[in-house]
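Before I ask anything, let me first share the structure, which is written out below as structure tokens.
Chain naming follows the written order as A, B, C and D, and within any one chain the residues start at number 1.
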Amino acid sequence: MPALPSVDLKAHAADLFNIDAALTEEERAIRDTIRQFVDEKLIPVMGDCYVEGRFPDELIPELAELGVLGANLPEEYGCAGLSSVAYGLIMQELERGDSGIRSFASVQGALVMYPIFAFGSEEQKRHYLPKLAKAEYIGCFGLTEPDFGSNPSGMITRARQQADGSWILNGAKMWITNGSKAHVAVVWAKTGDSTDDSSIRGFIVPTDTPGFQARDQKGKLSLRASDTSELVLSDVHLPADAILPHSNGLKSPLMCLTQARYGISWGVLGAAMACLEEAVSYSKSRVMFDKPIGGFQIQQVRLADMFTELVKGQLVSLHLGRLKDAGNFTPVQVSLAKRNNCDIATNIARETRRLLGANGILAEYSAMRHMANLESVYTYEGTHDVHSLILGQALTGLSAFK
Amino acid sequence: MPALPSVDLKAHAADLFNIDAALTEEERAIRDTIRQFVDEKLIPVMGDCYVEGRFPDELIPELAELGVLGANLPEEYGCAGLSSVAYGLIMQELERGDSGIRSFASVQGALVMYPIFAFGSEEQKRHYLPKLAKAEYIGCFGLTEPDFGSNPSGMITRARQQADGSWILNGAKMWITNGSKAHVAVVWAKTGDSTDDSSIRGFIVPTDTPGFQARDQKGKLSLRASDTSELVLSDVHLPADAILPHSNGLKSPLMCLTQARYGISWGVLGAAMACLEEAVSYSKSRVMFDKPIGGFQIQQVRLADMFTELVKGQLVSLHLGRLKDAGNFTPVQVSLAKRNNCDIATNIARETRRLLGANGILAEYSAMRHMANLESVYTYEGTHDVHSLILGQALTGLSAFK
Amino acid sequence: MPALPSVDLKAHAADLFNIDAALTEEERAIRDTIRQFVDEKLIPVMGDCYVEGRFPDELIPELAELGVLGANLPEEYGCAGLSSVAYGLIMQELERGDSGIRSFASVQGALVMYPIFAFGSEEQKRHYLPKLAKAEYIGCFGLTEPDFGSNPSGMITRARQQADGSWILNGAKMWITNGSKAHVAVVWAKTGDSTDDSSIRGFIVPTDTPGFQARDQKGKLSLRASDTSELVLSDVHLPADAILPHSNGLKSPLMCLTQARYGISWGVLGAAMACLEEAVSYSKSRVMFDKPIGGFQIQQVRLADMFTELVKGQLVSLHLGRLKDAGNFTPVQVSLAKRNNCDIATNIARETRRLLGANGILAEYSAMRHMANLESVYTYEGTHDVHSLILGQALTGLSAFK
Amino acid sequence: MPALPSVDLKAHAADLFNIDAALTEEERAIRDTIRQFVDEKLIPVMGDCYVEGRFPDELIPELAELGVLGANLPEEYGCAGLSSVAYGLIMQELERGDSGIRSFASVQGALVMYPIFAFGSEEQKRHYLPKLAKAEYIGCFGLTEPDFGSNPSGMITRARQQADGSWILNGAKMWITNGSKAHVAVVWAKTGDSTDDSSIRGFIVPTDTPGFQARDQKGKLSLRASDTSELVLSDVHLPADAILPHSNGLKSPLMCLTQARYGISWGVLGAAMACLEEAVSYSKSRVMFDKPIGGFQIQQVRLADMFTELVKGQLVSLHLGRLKDAGNFTPVQVSLAKRNNCDIATNIARETRRLLGANGILAEYSAMRHMANLESVYTYEGTHDVHSLILGQALTGLSAFK
């Protein structure tokens, strides 16, 4: 396979529909900065990281320095204070590199920093947010439990308050990104004896607290460059002020998920962009029957479909970001974006892999890595099916979950 | 089947993703005016018009009065001078009624008035445009020929200039909307003896000129409320000034098609909206197994998919309209929008028909009428396949037409 | 559009996978006989019949003479006594002509003659079956009611037995094929005061009985060459022996549906074959960009997909027929075949229509007629969705209907 | 995740359409023997093999003993002499385990033993076939070259005959299954100075011949339990009798591919069966919102679609096998089967993975492993696109390859 041509195919394929015209100059500048980092530092190592099953820890400091962690939170807490659209573009660029890297940033920003920002005390914010923004602390988010993937209200983990106001936590969490490298976990638990959703509260748990244990999940065939763990909490004692004081029932972690899903809707577009760019580039250089395969109708239809789906996904996330920045977006809208964009990204990755023929199974190219990664993203933070039912309920006024 | 509930389901289903937030107040007002006309005057008669195979001629004066004909052309020529986005919203609303009505308006505005505006002399513009805007004249557009549907450069129709500067036209045109009711036809012909694209010029042909004949095409199972004709030109003599002086090669009629396709991209969204609204409404009122079918997962997935595709189509056309108003859109972008939106609209119509069960085959509901109509729209003004190859060429730089 | 070439494309396109090798010589001979009738008598008139909305009554005698009515019932009752596979091939050939014609034959054979055969007294069999086989009587089947399309157990029609043993029927039936031309209706009703399924019995109702009324359903955009009626039964008095004595609860009409669905699974393959043959033929003769469109990759993929789906549908019905002839088939298997074959046939019809471009909307070609017809077939005798849930239940052991 | 229930779900899900009724008792017995081996020996180790990227060499002797290698070749050469259908069922069962294992057997049987049987001298047959059947020798097949994946006639590898009748081979081959473990390679090369297809001949190359080198391909994200190598031949000297004397032009290796594709069409059904069984089993045991997810409509539709596609694929391969055993099948028919079955198998694997939610990314389950493997199978031995064009050509008589 000869080297891909060096002309700037990316800009061409990625913006024939001129999405850039709907971005501000600042937004484009932020995106381009992260893009350069991803192109120069991340992509060159991702194939090997994926095969080896390791997260590129060595790049965390630069990620922090670039301001990507909690980038939409205020500057007064050491964050970049960016708009939702700019934040989304950052997620997009990171996932052009790898879904595992974007997942790392999503968890740190939307699932650890955001709840501390939204539900934490001023002391908690001042202590944790700057450290998390700088990646001095890595965080993880403990909501999902083994038997309650799509139904968090079934949660079993329990926090019992002691006479002295301190807490004891018991339970197990699963599918926890960053779990084994985290310094701090935001853990959700039912409090008291209630089995009701409304008793759910969040807790900040230093991961070196006795009784806290994280175990790597083995045998993953997706997100191999991301750490995924099970958490076990056995009589984990926490001080009274470990609770997030403004967290209040199941709706609090769901608000975090809404933040994270928003970022995911952008992120997967990045994976799709990487694939489309690879597909276009390959189609122009790979010769079969004496011409580049990009000159055959079958491949042109494939590329046209991929490009169209990508463009539409970009418009969805951009519109959503504008609504969010206007203080006016709904979880249902986020469901639409997360569901659609994961769906089209998985298809784009698969079609790219197929366009690449036998080469498409190699880690040297990005298509199959993205294709495998995106299956996780398709499933986590609300599966496709769950979001179908959220949309269905919004459209009909009728619940069909049970 | 009980009457559908009277509550305003339309607004709900049609804008859960808050596309309205991206429209100006004026744009929404224009849209709502046309919507009211369509809901009150057009939709109540369309089922019967369709079954009877007749265009609702009685509504033409009000269409003209509402300013929908050539709505984006300047006020100095008797037109409404609206933005491209407002124009698009009008097309959307008309096609909520019926694709045939929107086709009528598209032909009049984008394929008759636009070329006179863009390629005509000042005299032609002053004479024709106000009359066309007021529907005193109905126009048609003669480009397609029987054997050259997707390849207009194969055109055989010929205009030969006489010694006195006058012209004689000979040829045949096919699939001509409004052909049998038109007062004036914009006809494209090769000039002189050239077989080259560059010899193509446009002519304004009064349809009462001797030698001009329009024959209705029989047996249509789509666009039954629209007139479709074959045109035959046998030694049609025209004065020297019948030519559109600034028309110049194949690119001139292609510019008209770009205008029309832009409007189509919006129009089919209207058909899709009508279907989705019908589907949502039906799903809430139709009871099976003791509950509204909208409460079943299968129907919710169907509705979620339809809604998502509609939203994306809307964002595509809106983004395109903004680019067009900024003087900055490309034919390739129009191809993407026309291709995608026709595709999703046909699917939405079919899924609605299916959700409606047996009732879905009746003209009393709109789904099957839209489903049948949209097959024509899918095909005309560049088939899906042709636009695939336009996109493929833009993405790869390689032509795969032949 | 030049005439299609006269070479025998049909055999080629229809049997590249050599399905014929799995048929007996007799089965092929029966099929070929019906095929000839359909090609010579039926297809030439169907376009006009469809546009005019009329059933070709003039062909009924020849249909009867060919033995297609109740063809799988025993010779002792004046029927042809054919195998299930031969019966299926007949349905296939009829629907190559039009779904309305096959529907006529399905109703007569599987929904009128079959229940009389299976649940009737010897007297009823000897009286009715030969007359129905010869089309001296036309029959219809009254099961579906306006509000219980997919849930026949909700039936409201009621038969009350009088002191003298005679019956009085009241109720309404909808979507009744042949309703307005029938001499005799097989009507299903709950008996006594029971609301239970088990009280359902069948009755033979001469349509000239006072109180029996059939009204044509207007505004159909599908099956336009088929009669579809509403039936109203107002105090319809029937003698005691009008009941089908061996009918016994809802399972009896469901057994009829199983017979009919089996035939449908074959029938729609015929419509699909007609479309594929039209598509192949058109693709070889229609020239665009200086070559037959069949030589372009886009069309070859379309044809390859259509052909593959057709072949698979054929194998499904053939395997099912062999099981049926071995006395060993299940309603779930019939659901699979009906559901799949309707689905692929509607897709094949749509793709053919699209391949035909603008010509594809004309009744002169068969694609759009089949496309519209098949929407009814997709829906009747158990919608696609209902059969999904039947299959789902069989696979999981869990019911998801409610 | 609790253990899956121990009841025999497999038989249930796999044969609701009673495909078994079309098999002979002997065929079922052979299948069940291999199934038992796969269930007991292969499946328990495949997850680990895949993660570790190793072929389970320890199972090769038992594979040989079971007679699966070249199972359809005659007993006189030490093979099992089975019918094509029985051979297909064996491939199906092996790929229920893993596509890599089936690939191993396909290469050994269809690409090494078959050409020696079909094109070899009696001496070659007597020497090699029994050893290959017993796995004393492992073989590989060298046809594909780096730049000629879908176009083998572009082959560059060259065999030049010396004055003494011996041969010198030079060239490179890629994507060679079993390459690094093979004792013997069947290598295809152009002979003399010809660039013509007709000069292609096959050679038996002992892999310890100086100049022969096999290099493992690294970074595979598919078929990780299979060895895939590049071969380099640098002045490889072979005796005069190394040539397969009856090989004769490109059609000889294409005949091998037809054999292999036939087996693949069966094999991928096995992967699909494994997935469907896993999906059904999981859906019955995984509880969400207080009931097994198999009781939700969304999952039932998914299962119904998967099952229907599987059934159709099974009928395709079975019909093809019957034709093959009757000495009457065509490469086009094999293309249909290979293309369709790979396509549906990849979809079934993906849908299973999604039904399994987060668990679906783990090697502990088989869905994602099969999903990744099948991408290779989709591509090798003629990509989906190449087979589309083979079918398109057969249907239209027109070539669209170039």
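Assume a residue touches a chain if its C-beta (ideal position, glycine included) is under 8 Å from a C-beta of that chain, and two chains touch if they have at least 3 such contacts.
By chain, UniProt protein names: A, B, C, D = Glutaryl-CoA dehydrogenase.
Note that the coordinates shown come from a computational prediction; the quantities given were computed from them, not determined experimentally.
Trainee: Starting at chain A (Glutaryl-CoA dehydrogenase), find the fewest moves between touching chains needed to arrive at chain C (Glutaryl-CoA dehydrogenase).
Mentor: The fewest touching-chain steps linking chain A (Glutaryl-CoA dehydrogenase) to chain C (Glutaryl-CoA dehydrogenase) number 1.
Trainee: Name the chain whose C-alpha centroid is farthest from the C-alpha centroid of chain D (Glutaryl-CoA dehydrogenase).
Mentor: Most remote chain from chain D (Glutaryl-CoA dehydrogenase), centroid-wise, comes out as B.
Trainee: In whole angstrom, how far does the Cα centroid of chain B (Glutaryl-CoA dehydrogenase) sit from the Cα centroid of chain C (Glutaryl-CoA dehydrogenase)?
Mentor: Computed from C-alpha means, the inter-chain centre distance equals 37 Å.
Trainee: Return the distance between the CA-based centres of chain A (Glutaryl-CoA dehydrogenase) and chain B (Glutaryl-CoA dehydrogenase), expressed in whole Å.
Mentor: The mean C-alpha positions of chain A (Glutaryl-CoA dehydrogenase) and chain B (Glutaryl-CoA dehydrogenase) differ by 41 Å.
Trainee: From the C-alpha centre of chain B (Glutaryl-CoA dehydrogenase) to that of chain D (Glutaryl-CoA dehydrogenase), how far is it in Å?
Mentor: About 51 Å separates the centre of chain B (Glutaryl-CoA dehydrogenase) from that of chain D (Glutaryl-CoA dehydrogenase).
Trainee: Which residues belonging to chain C (Glutaryl-CoA dehydrogenase) are in contact with no fewer than two other chains?
Mentor: In chain C (Glutaryl-CoA dehydrogenase), 291, 296-299, 301, 385, 388-389, 400 touch at least two other chains.
Trainee: Would you mind writing out the residues of chain C (Glutaryl-CoA dehydrogenase) in touch with chain D (Glutaryl-CoA dehydrogenase) in their complex?
Mentor: 12-13, 16-19, 21-22, 280, 283-284, 291-292, 294-297, 299-301, 303-305, 307-308, 311-313, 315-316, 319, 322-323, 326, 328-330, 332-333, 336, 339-340, 385, 387-389, 391-400
Trainee: Which positions of chain B (Glutaryl-CoA dehydrogenase) touch chain C (Glutaryl-CoA dehydrogenase) when the two form their complex?
Mentor: 1, 47, 50-51, 144, 146-151, 174-175, 217, 219-223, 287-291, 297-299, 350, 353-354, 357-358, 360-364, 368-369, 371-372, 375-376, 378-380, 383-385, 388-389, 400-402
Trainee: Using the touch definition up top, name the residues of chain B (Glutaryl-CoA dehydrogenase) that touch chain D (Glutaryl-CoA dehydrogenase) in the complex.
Mentor: Within the complex, chain B (Glutaryl-CoA dehydrogenase) touches chain D (Glutaryl-CoA dehydrogenase) at residues 296-298, 301.
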